[in-house]
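Every chain is named by a letter (A, B, C and D) in the order it is written, and numbering of its residues begins at 1.
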Amino acid sequence: MIKTEELQINIGPQHPSTHGVFRMLVTVDGETIVDLVPVFGYLHRNHEQIAEVNTYLQNMPYTDRLDYFNSMANNQAYAMVVEKLVGIEVPERAEYLRVLMVELTRILNHAGALGFLINDMGAWQTPLAFGMREREKILDLFEMASGARMMCNYFRFGGVVRDLPPAFMPLLKDLLVALPAFFDEFERLLCENEILLQRSEGVGVLPKDLAISYSVTGPVLRASGIPYDIRKAEPYSIYDRFDFDVPVGSVGDVYDRFLVRVEEMRQSLRIIEQVLEQLPDAEGDHINPKAKQNVRPPVGDAYARIESPKGELGFYLVSDGSEKPYRYKVRAPSFINLTPLGDMCRGYKVADVVVILGSIDIVMGEVDR
Amino acid sequence: MYDVVDYVLNTTFNLGAAGWVVSLISYLMIATVLFLVAPLQMLFLTYYERRLIARMQDRVGPNRVGPEGMFQPVADAVKMFTKEDIIPAAADKWVHLLAPLVVVAPTMFMFAVLPWGPGMTPIDMHIGLLFFFAVSSISAVGLMMAGWASYNKFSLLGAMRAVAQMVSYEIPAMLSLLAIVMITGSLSIVDIVQWQGGLFISSSDVAGVPNWGLGWFVFNPVGFLAFAAFFIAALAEGERTPFDIPEADSEIVAGYMTEYSGMKFGLFFLAQYVLNFLLCAITAVIFFGAWQGPGVNELYALGITPDNPDGNGWFNVLAGVLGAFYFLFKTYAFFFVMVWIRGAFPRLRVDQLMDFGWKYLIPLTLVNVFSAAIWVGFNNWGANEGFGFAEPLGDLGRWAVAFVLTLAINIAAYIVMTRIYGETRRVTFDEQLADTAGLPS
Amino acid sequence: MELLIQIIFFLLAALILGAGVMVVAVRNIIHSALWLIGSFFGVGALYLLLEAEFLAVVQVLVYVGAVSILILFAIMLTRDVSGQGERLLFQRWWLALLVAITLFAAVITPTLLAQSWNVVPPTGPIEPGQPTGIAGALELGRGFVHEFLLHFEIAGVLLLVALIGAIVIAFEERNRRRKVLTLAEEHELRKRREQTSDANASESALSAPGHPISQSE
Amino acid sequence: MTIQFERGKVVVIDRGARKLRVGQGMLKGMAVVWHHWLKSFQKLDNFSKTAGVFTVEYPDERIKLPEAYRNMPILLYDDETGQELCTACFQCQRVCPPQVIHINQARNPETGKAIPAAAEFIIEYDACMSCGFCAEVCPFDSIKMDHEFELSTEDHAELTMNKAQLSRPVSYYERIAPTFWAEVKASAYKKLQNSVKRRVDLIGIAPQMVEKVKAMRAAAAESEATEAAPSSAPTKPSAAETSPATDKAAKLAAIRAANAAKQDAGNGGTSTPEAPAGDDKAAKLAAIRAANAAKKAAESGEGSASVAPAAPEAPAGDDKAARLAAIRAANAAKKAKDEQENS
């Protein structure tokens, strides 16, 4: 009888669809995956050690570079942990601005992630180009507010760098007209596409209870059917003031992750609309308290977490009373969501690997740190 | 061409060249023209595709080199030529070198039977259609060589996928063509084109219909289903999205081309685009009447033809130009559809591709062959063949009956097949588990 | 014309014979298969020279396009293709040669003897009954469904049997093959096992989820 | 789902499992693409549109950058007097996360006392992360973020900017960020007045304005003396312009350093060629050349025992860049020596 031989293939570190420098050591039997070992660390930049020689403020721009796709969310988590450690109150308007920025970040992250996911499935850039188009608009807004498109560095302890410029609001309102149209179009383009269904239905299934034991968070967890959203479970900032739903999937496959992300973009839009309704005027509090930047927190530690677009993003700080953190630790969602990759890919085809990886939505800057 | 060369050599210059010299020269001239046409088509198609798909994605596309980026492909070609040619150390050097040639050569052969206009077929073979597909199947060998000689796992996987795909999609393509061949009763491409004169319904079947050159096969149910199946198979043969699995860049880098660089890579690229052009062209030829269209036949009738040797040569030229225009227009329209599909869809997985080909397309085309038999029976057969009962209906009546019958059969087949296929795709989780793990469910 | 045809014929004959020799002379099996393809191709061209267009095209379609691909597939799935360290000739090679020549002679001699070699090429207009147009395809088709219907059917049945056999073998192979369970399947399996066997329930619940289970019969 | 949230609810996504799929989804997708193709002959000029070409054909078209845009830091000086706003307070140097800002305090050459001005101000653009902290903390509104982003060079060293390259007139910043400057203008000028009082001679004048200010002062003195109207000021000299004499000297130094290094490779002697003060760029160049020469010499040296460090020294204490370059050259020479010893 014919004996088949197992073949080892290195997908990455230089590979078109490993989302950066990531290596998957795949053992295949024909086209079926027998084993997959993720290998990473190619982008290790000593982030946590660098943070321990920097002052608290100096770390802010470094957090931009963790998950460079959504720097605003990283800023928020870091600002929150320092505020918690020092005990700084954030003015009302600044909180709203933060929520606005982070929800915009969520939209742009999901638009990009879905675009790249479909690209990995083999679409020739079209969904990605559509997603990037909307992302571009949001980045223009970020640039206007913070001065940079991707490395925003917009948040400060007890506020944000500066208030919105006058030209911001009209553009944002225009964008709010465009976004629902974009979501509808994106759904029409893909959600019922038979090829996409074939590629994603039943692929990379992560059962509910295993998702919990792998400590996966974010859209991947919700797609497995667990309605766990830190914005709801432990409302931070001012998230208890907004109405929004938590979309969950029922099977936990790639298709569910796709749909959950599309729906989350819609919910983010709802939040932004409510932010615009409730946004207080700039009078009263100064939203960039320059005085509070050179912080020297008391001895102690603090952990703050937010629902970043990719999952639970947490920062843990230990202070020894000096102006530099004694210990600095990032709980990176991309990294922890990557844990079940090897098991999730087992039994599927080679072509599914990149799709499953894409559906987890990782950024290597955050994985390797 | 033979006549022209003969005239120039033996009448004008009075050289008294032998017949075979004349043939040799005339064939060499035709071959030269075709070899020039093929790369030009490729250059144009890459530009056309890039601009089109950019527009579909709200971009502009290459517009820097030359007016509107016209010379972008030329710049790319220059880049290809000047790039370093790398042969992997472990590669089988000769096979690695030969593979691109084996892939390119057949695509050039295939131009031999392509009808560009009335009386403008380079070689009118009796079995032109078969020749076309027989030659196209040679390039599979080249792909295999490329994949094996590169000594790279991605290349080998890509080559395996490519060859498996080409071999399995040849069957539905041939079966859908079989339906057409049954109706025309000829494998000659010229005959097939000639057959598609008339007006929406097939002229050579029904008397008294004006010959406007619109009797394309796609207008009858058999032809339409054959067209749909053939075009899908053509997408797979030409490795176009959603069947571009052999070179799926997100999975296996560039498939069998991974280890090629410089002009060797360029040759693969050339072969692929020329093949795409040819597949679009042959679709236009078989289902959309090639050069057939309003005006061509009328003009051609006035020119020099075997029936009318005293005609005016200028009408030949006019008919040729108009015919070539129709032909290229249709061809590029199909390429537009290919690009459009590429702009809209992700790609399938290998096993899904095989499933689709073997479990859906082949049964559907088999039903279509049956429909074609009914069509031929009603339209062409008489009392001798057992279709005497249909004679009282008259030509148009028989045609109508055949049309309705085949339409009903084909629609029913489509719905039933789609449902069955859809059901098999959606196996419930429990069944799958019971099946794979051998458990009592 | 005659001269040209003769030149082409000799070129083709040289190609076919040379390629045929190379098939048995090279060590690397892949190379030998590729030479075989070259030989097939030459035969196809020879048919074309004989104006048997249909046969030529079918030769290319079937042998070059399909059979050789199958051969290549089969070879590539084998382990050692380089043929290094294997001897091409063994000690009693002359015996093999003798047998081969004898068998070939046994086949070719009657053909050579029975053939009348003074065929006059047809000149003048082709008669109505003569095959025209489709160059043999029509005759072949007629032959298959009229005179040689039984042979044709038997060949068809034989192929069908072979096909079924191949499928059966493939199915057996598939069953024997190690089935790699996906994470969800594995998880479901574990849950069911827990349900069925109460005694081991607590034990299997504790086992790590990432452990691969391979199922074989 | 049993979980209830206070505001909003849990939505289980509809996967459309019951729908019959016969290809309509693919046709829908193709319709969307077709729509975009048709619309692609317009431009997407409005945020509320979702179709139309959104490419900005960059070198020809440019997006207007928002005021807040930040790329690399620059230093401001007053247009008329040429006085720099910077007082060398070291705030930016301290806050800079990648620590790419280097400042030297200016000192009174006679008394040695510190003067509120920077003698040299260096920013390594190649390592700058554009965070904008320096501009934020600057109490004198002297350091600001530039909008210029076409900075590519062929050499890393060219991205180490000195004061002359960093200085921009206030009017330049006013043009790129009018409202930002309007907010701080008054206080910035007030602070500038204070620091100008404590500056002497030409210290604290932007390098490109030195000649002009000299001429102006001369003219003023002349006019004071002759009570005639001051002549028109000469045109503004460019930043790159240097006096030819110093440039030549620097080159000379480089050649000398190279020669010395070569000799060292042969006989193991020591020499420290001196680069005269003046343009630091030229000096740096010289140092780099020297280093290269030293390396080369070491490579070609025929097994001689040691190569002494050839460190061209910049005598001017404030010329930090030159010193830096000299140290680098010394390191390179040392490394070359080590390599040779190893081999």
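As a convention for this text, a residue touches a chain if its C-beta (ideal position, glycine included) is under 8 Å from a C-beta of that chain, and two chains touch if they have at least 3 such contacts.
Being a predicted model, the structure only gives us computed values, none of them experimental.
Student: Please identify each chain that touches subunit A as well as subunit D.
Tutor: Both-contact set = B.
Student: Where is the C-beta contact count highest, in terms of which two chains?
Tutor: Comparing chain pairs, contacts are most numerous for A-D.
Student: Find the geometric centre of each of subunit B and subunit C from their Cα atoms only, then give the gap between the two centres in Å, rounded to an integer.
Tutor: 26
Student: So how far apart, in whole Å, are subunit A and subunit C when each is placed at the average of its C-alpha atoms?
Tutor: Taking the mean C-alpha position of each chain, the two centres sit 54 Å apart.
Student: Please tell me the distance, in whole Å, between the geometric centres of subunit B and subunit D computed from their C-alpha atoms.
Tutor: Spacing between the chain centres: roughly 59 Å.
Student: Approximately how many whole Å separate the CA-defined centres of subunit C and subunit D?
Tutor: Going by mean C-alpha positions, subunit C sits 70 Å from subunit D.
Student: Please set out, as single numbers or ranges, the residues of subunit C touching at least two other chains.
Tutor: Those would be 181, 184-185, 188.
Student: Which subunit A residues sit where two or more other chains touch them?
Tutor: 126, 130, 133, 189, 193, 195, 201
Student: At which residue positions does subunit B touch at least two other chains?
Tutor: Correct list: 56-59, 343-345, 429.
Student: Name the touching chain pairs, would you?
Tutor: Here the touching chain pairs work out to A-B, A-C, A-D, B-C, B-D.
Student: Of all residues in subunit A, which touch subunit B in the complex?
Tutor: Where subunit A meets subunit B, its residues are 7, 9, 15-17, 31, 118-126, 129-130, 133, 189, 193, 195-196, 198-199, 201-202, 349-354.
Student: Considering the complex alone, what residue numbers of subunit A touch subunit C?
Tutor: It is residues 1-2, 4-5, 29, 32-35, 205-207, 209-210, 213-214, 252, 340, 342-344, 346-348 of subunit A that touch subunit C.
Student: Write out the stretch or stretches of subunit B touching subunit D in their complex.
Tutor: 52, 55-60, 63, 340-341, 343-345, 415, 418-419, 422
Student: What does subunit D use to touch subunit A in their complex?
Tutor: Answer in residue numbers: 1, 3, 5-13, 15-16, 19, 21, 23-26, 28-29, 31-33, 36, 44, 46-50, 54, 63, 65-70, 95-97, 129-133, 136-137, 145.
Student: Where on subunit C does subunit B make contact in their complex?
Tutor: It is residues 1-5, 28, 30-31, 34, 37, 41, 53-54, 57-58, 60-61, 64-66, 68-69, 72-73, 76, 133-135, 137, 179, 181, 184-185, 188-189, 192, 215, 217 of subunit C that touch subunit B.
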